[in-house]
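We just call them A, B, C, D and E in the order they show up, numbering each chain from 1.
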Amino acid sequence: MIWQFDIIILIFLVIAAIISLRLKDLLGASMVFGIYSFLICLLWAEMGAVDVAFTEAAVGAGVSTVIMIATVFSTKRRSKD
Amino acid sequence: MTEFSFIPLFTWIVSLLAVPMILLFRKRPDAREGVTFLAAFMKLGMIFMMLPLIREGKILHFKFGEILPGIPIEFRVDGLGMLFALVASSLWILTTLYSIGYMRGLKEHDQTRFFCCFAISLSATIGVAFAGNLLTLYIFYEILSLSTYPLVTHHGDKEARSGGRTYLSHLLGTSVAFVLPAMIYCYLKKGGDINFTDGSLLTTNIDAGAGLIVLLAFTFGFAKNGLMPFHSWLPNAMVAPTPVSALLHAVAVVKVGVFCVIRVFTGVFGIELLEKLDIAVVVSWIAAFTVITSSLMALSQDNLKRRLAFSTIGQLSYIILGVSLLSDFGVTGSILHVAMHAFGKITLFFCAGAIYVAMHKKYVSELVGIGRKMPITMTAFAIGSLSVIGLPVTGGLVSKWYLVMGTAQSEQIALLVVFLISSILNACYFLPIVYRAFFCRPEESLYEGGRQEAPLACLIPLCITALLSVISFFNPSLFIELAELIIK
Amino acid sequence: MKIFGLIAVLVVGALLLSATSDFPDWRDKDSPANKSPVSSFYIEKTEKLTKVPNMVTAVLADYRGYDTMFETVVIFIAGIGIIAVLRNFDGPYSSSIRRENNDEGSGLLARITCSLILPFIQIFALYVVAHGHHSPGGGFQGGVMLGASYILLALAFGLSKAKGYFSERRTMIFAAVGIFIYAGWGVLCLLFGKEFLNYSVLDSLLPGDVEMARSHSMLIVEIGVAFTVTAIMFSMYSNLSTRGRLNKGL
Amino acid sequence: MTEHFPVLILLVPLFGALIVVLLGRERPDQCWVTSLISLGISSLISFFTVIAVLSGKVQELRYRMGGWPESEGYEIGIELRVDILAALVVFAVTLIGFVNTIYSKTRAEAEVQGKVPFFYALMQLLIVGLCGIVMTNDAFNLYVLIEITSLTSYALIAMGNRRAALSSFNYVIMGTIGASFYLIGVGYLYIKTGTLNIDDIHMVLGQKNSWADQSIIVAFIFIMLGVWTKMAFFPLHGWLPNAYAYAPSMTGTFMAPLMTKVMVYVMIRVMLWLFGYKFVYSGQYIWGELIIWMSVLAIVAGSLLALARTDIKKMLTYLIVAEVGYMVGGAWLGNVTGQAGAFYHILSDAAMTFCLFIAASIIVLRVGDSRVNAFDGLFRKMPLTMIGFTVGALSMIGLPPTCGFFSKWYLISGGIEAGQWEYVCALIFSSLVNAVIFFRIFERAYFGKISGVKEDHFPTDSDANPDIRIKEVPWSMLIPLFLASGTVLLLGIMNRSLFEWIQTALKMMNA
Amino acid sequence: MDPIVATFIEENIVPNFNYWIYVILMMIGLYAMITKNNLIKKLIGMAIFQTAIILFYVSVGVKDTAGIPIISHHGSEHHQMAGLSSEAGSTKEIHNKIDKDKYANPLPHVLMLTAIVVGVSTLGLALAISQKIYKSFGTLEEDEILNELRPGGHD
């Protein structure tokens, strides 16, 4: 329960979100989104929500990133924005 | 005073029961028309069954179901409804006979559909005549609009379609836009019932402004009464076959319109309330305007049926004007005029149809000297026009007399002048036809061949109606009696 | 469009920020949410009533078990929805099971590594499912890990090999059976005459007293969740990675 | 036994869906039979629930999931709550689902090749979700069920052609925004009250008298925004027309009548049960007037957009947008008449939309043309179908024997009572526009030249044209149509008793 | 860090910082959902939007001085030793009295588990739909799709 961590992670979260939305390479965007999920999972572990953190680690950083990358592979990789 | 009875229901339902039979006999025209006749006679018989009771001043009454809180489907037969039902159903028989002659004479198509819709619209008319509350009235009014649409657009060509479009848009639009909210307003105002008992809104504290708005909403909403500016459906509906124009647009539909207005005046508002609020004069001036304008328009029409249509608009406004005078004579006169004008005008329409069947002429300018070819028809035409103008030995005089008395009784001299002017105008657009038909030299084409009347099936009804309008001059007591039941 | 979107977003953000003004402080232990009887009941009574130290599992599987059943149904819907939208069945149904010559999959090193770690992943996943009462985890997390292990298998050795273990038909059966276990357990309570998902009546069926009955029932329910989640995770991946053709993976 | 009805209504279709998936693709007919049986049982149960609630023994069924008792006056677990309103809506939902299953018998084979079981499973799960939404008494559980309905409808719509997929994607975006807004609102309520049970939240708000809190107001606004997005209230209606017009026909037929109506029910529920009369209609917030005007806008715009369409289904979808305007306005009038009218309109509109959509799908299927001129001469070619269509259309216009007239009656009375004349005028305007729309169609169907019939002077004369063949669709589609149109008339006939039940139930809440 | 600054931050920034960040993240996600042109980007925005809401919920349940919501016996015994060792009762008593300030509020966690599941389900389904769109339109850019539909009469 250390609020310094909290604040730092939150700031990083915002940065990660913006980067993943600004990248024109969808694969990279998906990767950065995975990082985002991992950060938010850290945040929840730090807030004491261990189950949520566990789930987010498994789902957000794991499966949803994988299926997103799978989609990017089977469609187009570059986007206009 | 009021007693429960099933007869109104049967009277309403008999022509409805005729419909499946007509459909059943679609392939056998004689049986089909036979069914129609049967229904018509049964209907008239029941009405005659009720007549004596009504004349004793009883009010027959029937209700079932309560479709909305406090509003059942309710039939209530009083003098006014009786008179209207009597006229409509008796003329239905004649019209059936006439339409047999007309339709077969012209080899029209879809006669089954024609007779079906005819029967439905008649039962809807009876429903309106016997309606015991506003909602019942409204429902049958809408059914009438819908069931006459196929009749108006019978020919199905472009002109008929556009005519039908005007017809439906005017009637349905006004009724939904004006009548429905006004009706709901009365419903809420009275706290949950809208029966026609005298002075029913009198009990509520309604102020003149709201009252005027509601009154106008009703008067314009029942656009079947042809009050300007919602009159234009009537000339356009003349594309229909002549029997339709005859019964529906001289008797049933338009008279339903004015009938509803009379109901609103006497039943929903009540004469006392209107006198208290002093708002009816607005309606009477609108009616007066309509009278004059329509007569002037009629002058310029060359198509005979259109001319008749415009004269109908004017005559209907007589009725509204009469009832809006709020004087006993005025109301009696307008109720009488419902019957008298019906006889006269249906005669005229029958004659127009007969001329069309026999000679295929529909324009006034073509009728020069036609009296030599079809004297009987044109004599009936003369009688009908006398009745509509309101000249002696025809019933038109009686009702018009009462109307004029009404204006005098309520010291509306200006309206008296309106009546006189409009009578002169009526004379101006009817008498020349008769004159030229009999006393002008026709072109040569009319000489060869002797008399060339329409088939008997057409001829008999128009003679009867002409006779009726003469009889109703010498013996109008029945109608007066029925009309005065409303006054007291 | 962009301007419109920006305005809408700014309005929404302004509304939400204005609302945060009268929130109780973050980390405040006396905020209405934290000292409300509901959450205090969960914290104080859970272990006594269900013998489950992990409150989250208890609340998830017992107090709000109805929610969790529908959560599982949501996963199920996603799975069959993806098939309904994306899958295109070409040829006979059984053809999706047949083994192809798998020239797919990744390099040798990756395969060896995977074959080394896969057993541990799966064992750990089962542990997470079973031990969810006492430690973070539960049916959902374990199921996801189990499904991820199959995804890893498909990545390393090719989809067809993974389908050999976990064919499409089998995924559907697993998914349906998982919810069957969950809802069926609730219906069992119904048959015993109490409310749906009221595990306390099952103590006559299960070893131990009422509390243990609740605890065991939670375990069973979690296993049901794990079934569904495993199957659906794998079928999600296999459909999305092959555009619904299920012939060869990435 | 009665006390278990609410959960049984949900469980039967749930198991039905699982069985259908287990049956697999080889046995489409058994899938159909299964879903027919399960939905039939479920609608029977819901009918008995209506009877039970009406019979007066139980004013409302409350069902505690897991049987957890309340502690200190707060619900610990999740609670179902079925009063007469919920019972009626649930009955409507299950019944429409059942009838639509009959309709889908032939269509499902044709339109979703080889994916029949998935269609039936998703359909039953959608019914489950809708029933759950109506019955639940827990704010978060409501969110989960909303998501269930949303996911199933995304999938069902996207099973159609490519246009359907695209509009389904828009629906995903809009629907997620809506549901998430609802979730935010619930979160704000939770942070203020600490509970999720609807009645408890209402109680706590009343106790703390925290009506004027900024966060409560924001919560209300966001919940409303979310619900409006899901029900396609006018400015937020963008996703609806394409989604329902391009979806597979048997999907559109039962999604169009149900989804928006159930969300309207949720709105009324949230307004009266969750926040309460005092908060919603109190004079200190301007939103009352504002939302009435928004609904007027919705009605007018929806009608005009429908008038501008030549595609039948598109036209009907825009009419739905207008109808949603009716109900929102009626619910916000602030008097019992208006609310009850809006609620009665939920039922009647479900019935008539169902009727119209089935008729339209049949016609599009048979004629193979989705524009208005598909109707040419249909009164001769498909009389039975046109009869059904006519009933629905007359009800949409609002002519007496049908239920549309009575719902308009109640709504207009509510408007007059509240003195909201603009709303009354909007209602009348829209019914006039509907009259124009539908009589345009009737004229075509009545006089339109029939293809393949020799052009004589009277194209509509059956006596003159013996070579007009009557071509109707199979009974599996006509029976649902007639059931729907019969329901339209039945609702109209028994409107009075329905209205009184609804009124009494609502009076209790407004007191 | 300088203690004054630290206290200042703890007084004024911390109490609402989570809520601010959650609003900012949500705005980012919403903006992406509305205005982004690429469908995958829209979906990433959607995921961010949903995680932001989850962040809000989890922040609601946090208490200072509270650990994870799992009752650990030796932990509570420890607390017994440290704090009120006066009445060192049997473990039964210790079980009975549980200080609820020592444990985070479990309810939001449960709700958010469900929310995460819903999120991933929506994401998967939406990805499937976007793949179908790509299959039939050959692109994932919204404007190109609409341009392709234009002659077909798109409204």
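As a working rule, a residue touches a chain if its C-beta (ideal position, glycine included) is under 8 Å from a C-beta of that chain, and two chains touch if they have at least 3 such contacts.
All values derive from a computational prediction rather than experimental measurement.
Chemist: Please identify each chain that touches subunit B as well as subunit D.
Modeler: Joint contacts: the list comes back empty.
Chemist: State which chains count as neighbours of subunit A and simultaneously of subunit B.
Modeler: Intersection of subunit A and subunit B contact lists gives nothing.
Chemist: Centre to centre, using CA atoms, which chain is the farthest one from subunit D?
Modeler: Centroid comparison gives B as the farthest chain from subunit D.
Chemist: Could you pull out the chain whose C-alpha mean position is farthest off from that of subunit E?
Modeler: So the farthest one, by centre of C-alpha atoms, is B.
Chemist: Looking at A-C and C-E, which one has the bigger number of contacting C-beta pairs?
Modeler: Higher contact count goes to C-E.
Chemist: Using CA atom averages as chain centres, what separation in Å is found between subunit C and subunit E?
Modeler: 17
Chemist: Distance from the CA centroid of subunit C to that of subunit D, rounded to the nearest Å?
Modeler: 31
Chemist: Determine the centre-to-centre distance between subunit B and subunit C, using the mean Cα coordinates as centres, and give it in whole Å.
Modeler: From the centre of subunit B to the centre of subunit C is 76 Å.
Chemist: Hey, what residues on subunit A touch two or more of the other chains?
Modeler: Residues 1, 3, 50-51, 55, 59, 63, 67, 71, 74 of subunit A touch two or more partner chains.
Chemist: Could you check subunit C for residues that touch two or more other chains and list them?
Modeler: 16, 20, 23, 27, 31, 33-34, 38-39, 42, 54, 56, 64, 67, 71, 74, 77-78, 81-82, 85, 136, 140, 236, 240, 243
Chemist: Quick check: what residues of subunit B touch more than one other chain, meaning two or more?
Modeler: Expected reply: no residues.
Chemist: Among the chains present, which pairs are found to touch?
Modeler: A-C, A-E, B-D, C-D, C-E, D-E
Chemist: Looking at the complex, which residues from subunit D come into contact with subunit E?
Modeler: Result: residues 140, 144, 147, 150-151, 154-155, 158, 162-163, 165-166, 168-169, 172-173, 176-177, 180, 183-184, 187, 190-191, 196, 241, 314 of subunit D touch subunit E.
Chemist: Provide the residue numbers of subunit D that touch subunit C in the complex, in ascending order.
Modeler: Residue list for subunit D touching subunit C: 4, 7, 11, 14-15, 18, 21-22, 24-26, 63-68, 71-78, 112, 114-115, 118-119, 121-122, 125, 128, 132, 138, 140-141, 144-145, 147-148, 151-152, 154-156, 158-159, 165, 184, 188, 190-196, 204, 213-215, 217-219, 221-222.
Chemist: What residues on subunit B touch subunit D, complex-wise?
Modeler: Where subunit B meets subunit D, its residues are 26, 66-69, 109-110, 112, 135, 138-139, 142-143, 146, 150, 153, 155-157, 161, 164-165, 168-169, 172-173, 176-177, 180-181, 184-185, 187-188.
Chemist: List the residues on subunit C that touch subunit A in their complex, please.
Modeler: Listed in rising order, the residues are 27, 54, 56-57, 128, 136-138, 140-141, 144-145, 147-148, 151, 233, 236-237, 240-243, 250.
Chemist: Over in the complex, which subunit E residues touch subunit D? Could you list them?
Modeler: So the residues of subunit E in touch with subunit D come to 30, 33, 39, 42, 46, 49-50, 53, 56-57, 60, 107-108, 111, 114-115, 118, 121-122, 125-126, 128-130, 132-133, 136-137, 145, 149, 155.
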